[in-house]
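Before I ask anything, here is the structure I am working with.
By written order: A, B, C, D, E and F. Residues from 1 in each chain.
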Amino acid sequence: MPILYISRKAHFNAAHQLWIPELSEEENFEMFGKCANPNFHGHNFDLYVAVKGSPDPKTGLVMDLKILKKIINEQVVDQLDHQNLNKDVPWLSGIMPSIENIAVAMWQRIAPHLPENVTLHKITLWETQNNFVEYYGE
Amino acid sequence: MPILYISRKAHFNAAHQLWIPELSEEENFEMFGKCANPNFHGHNFDLYVAVKGSPDPKTGLVMDLKILKKIINEQVVDQLDHQNLNKDVPWLSGIMPSIENIAVAMWQRIAPHLPENVTLHKITLWETQNNFVEYYGE
Amino acid sequence: MPILYISRKAHFNAAHQLWIPELSEEENFEMFGKCANPNFHGHNFDLYVAVKGSPDPKTGLVMDLKILKKIINEQVVDQLDHQNLNKDVPWLSGIMPSIENIAVAMWQRIAPHLPENVTLHKITLWETQNNFVEYYGE
Amino acid sequence: MPILYISRKAHFNAAHQLWIPELSEEENFEMFGKCANPNFHGHNFDLYVAVKGSPDPKTGLVMDLKILKKIINEQVVDQLDHQNLNKDVPWLSGIMPSIENIAVAMWQRIAPHLPENVTLHKITLWETQNNFVEYYGE
Amino acid sequence: MPILYISRKAHFNAAHQLWIPELSEEENFEMFGKCANPNFHGHNFDLYVAVKGSPDPKTGLVMDLKILKKIINEQVVDQLDHQNLNKDVPWLSGIMPSIENIAVAMWQRIAPHLPENVTLHKITLWETQNNFVEYYGE
Amino acid sequence: MPILYISRKAHFNAAHQLWIPELSEEENFEMFGKCANPNFHGHNFDLYVAVKGSPDPKTGLVMDLKILKKIINEQVVDQLDHQNLNKDVPWLSGIMPSIENIAVAMWQRIAPHLPENVTLHKITLWETQNNFVEYYGE
């Protein structure tokens, strides 16, 4: 059976801040630049979730995208949209909300909910039109 | 001389919140939905500034876009990028930071700095890929 | 009070066909090219609805975009998405489903449902990345 | 010699339907949702074809993109554009026209026509702005 | 009859230079910055041509877009694509190839070829993702 | 530690020409089509640079994107923007400026400047909206 990678896009708008509590404001600004603004800044995040599998011989589908959309929304988007990633999200508590760390946390939340015939392949998270991160679960 | 409209794009990332202090948290959520999150949320804003004028017979240009870029950055982008629009921007103080109100405030800041041979024509401000506002100074 | 134009994007996927029943297949192909395929073809349509109004002094909003989204979905998108525009949509019955005619029909369906403080300003309907139509209700 | 992957984009507009003839209309709708509409729906499909090879020392090119464009058009796009993928395409006959199955069929049609110095690397097929499939020929 | 504006997109890749022969290299660089590079630079230009008219009662179309595409290609795109706008285009000879001047020249070439039932409404010419010009023939 | 791939976008506008000096103009046009125009043509190039690494436990970042941006600008963008790739760039001297060869040259210039904790993963270079090349350093 052929192996395919199917991706679904989602997006959410959120505030965040890059800040290390042990450091002074001056040190945080030196390390993170404007991203350390104590009053937060924000982004429109674009998320692509790719799963790997073979098309079902009858339906032709690797998986039902309505189910993938539901998993993405329930596990990550509904909890991040219009939130403050430093304060409002229990599963990001104590984690620096860089897109690197958010992508890893998303993997851990989405992977266990996928149907058995597919595996999670990649999390791609865009923070702006100019930068994004990719995570393959390794 | 022909009349042309030339536009320059800029963008900035910022946090904001729609919130009326005189109302309770419950009333604010009823009015603004998730946009009332007390811990803020944020966006990647795209801004287009259009000016109207005739091309100079020698240069062929309505205006030098390096100058337009400089005006946009100095008057609005440098003061909004990675900021909290409710807290950090003196010229938005006391103003509900909806894209409607931000666009009007941008007009007032940019128009006086344009060269004499052009006029400000339109401010277009995108908040997400799904909504934007246009303001013609009227 | 300043006057602003605020736009909300929606999209839907549909099949259609350009075909005049009184003409032969050969004449239809001559008139509409590949768009006359008797088995239909389809598009991902992008729709922008722009309304005109002044921001409310308290909320800063021309209108609540959640309400605009609801009107767009109920009046047009829910009835067009994943449908055949020649066969499945009562309010397009007997109308050639060109984007010109669809845009006019959308105006007639959306305008009566808007709140009193705004007016419908423009319907923009993209059929492909290469062509779109604009309608101002005139 | 360095190994590079060069991609060419194409696009086509088509109608399709996800439908299993052995099932009832009710069962088809349960399985495929709105995609089972018996009157079809449609999309603007975006296709990227990636080939792998080393640049020719004289021309600097992995392959002539005009030739790649010609192969893509002759083998797949000309036969899919403005067609009904369930009815009009001989090489999709008897195949559920999911993007998974279409991508696999495209691979089989394009690979034999490539010049000897390159190999087909990936077929990427976007169905909407929100979902796409990737196939590496495995 | 309703009045609609229908737009068709085209694109071309070209080299150009902003340079006034009467000025020295130093003066040209002061006036045009990097755009004065004597060896030229280039862009992927995006062009939108909007025409105004009413849909034909039988076809539902303001005009046949295949004809509009043919006019755009014959009158402007075929003569600009992969060309040097300072040297290779007779109808730009002696004209500073700014997007302002190119847009005006395009209007003059396209308008006379349109069918009688429509009028040319707007030329929109993008030079980069960050700047574009609009011309309404006035 | 998880392994992530973080990408930063840049862009530049440049002129180039595909041309082999040992061949006649006729032979060059046969080989490269319109890309052989002796007066050059040009593009808006989009560049994505992807680096591979693990997020720092304290900052959550694979690497400081301000530093990556600075390396990209100093090593490649500042030297290519608004230039003629056949004439103006010392490190492309004697190299056919195809996107294949430019991508390989970019790799060699960027890789040595990255911090020790990351490795260069991929150079992606878009020449138009319809074609791009990917290079992994192999």
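Quick note on the criterion: a contact is a pair of C-beta atoms (placed from the backbone, for glycine too) under 8 Å apart; a residue touches a chain by one contact, two chains touch by 3 or more.
All values reported here derive from a predicted model rather than from experimental measurement.
Asker: Count of steps on the shortest touching-chain route from chain A to chain F?
Answerer: Minimum step count, chain A to chain F: 1.
Asker: Comparing centres built from CA atoms, which chain ends up most distant from chain C?
Answerer: Looking at centroid distances, F is the chain farthest away.
Asker: Counting only C-alpha atoms to place each centre, which chain is farthest from chain A?
Answerer: In terms of C-alpha centroids, the chain at the greatest distance from chain A is E.
Asker: Over half of the contact pairs shared by residue number: find the pair among E-F, C-D or A-D that meets that against A-F.
Answerer: Residue-number overlap above half with A-F among E-F, C-D or A-D: A-D.
Asker: Could you grab the centroid distance between chain A and chain B? Build each centroid from C-alpha atoms only and quote it in angstrom.
Answerer: Once rounded, the distance between the two centres reads 29 Å.
Asker: Could you give the separation in Å between the centres of chain C and chain F, each centre being the mean of its C-alpha atoms?
Answerer: Computed from C-alpha means, the inter-chain centre distance equals 41 Å.
Asker: Which positions in chain C touch two or more other chains at once?
Answerer: Correct list: 33, 129.
Asker: Every touching chain pair, please?
Answerer: Listed in label order, the chain pairs in contact are A-B, A-D, A-F, B-C, B-E, C-D, C-E, D-F, E-F.
Asker: Of all residues in chain A, which touch chain B in the complex?
Answerer: For this pair, the touching residues of chain A are 11, 13-16, 33-35, 37, 39-44, 81-84, 87-88, 128-129.
Asker: Which residues of chain A touch chain F once you look at their complex with the stated criterion?
Answerer: 18, 20, 31-33, 95-101, 103-104, 129-136, 138
Asker: List the residues on chain B that touch chain E in their complex, please.
Answerer: 2-9, 50, 55, 58-62, 65-66
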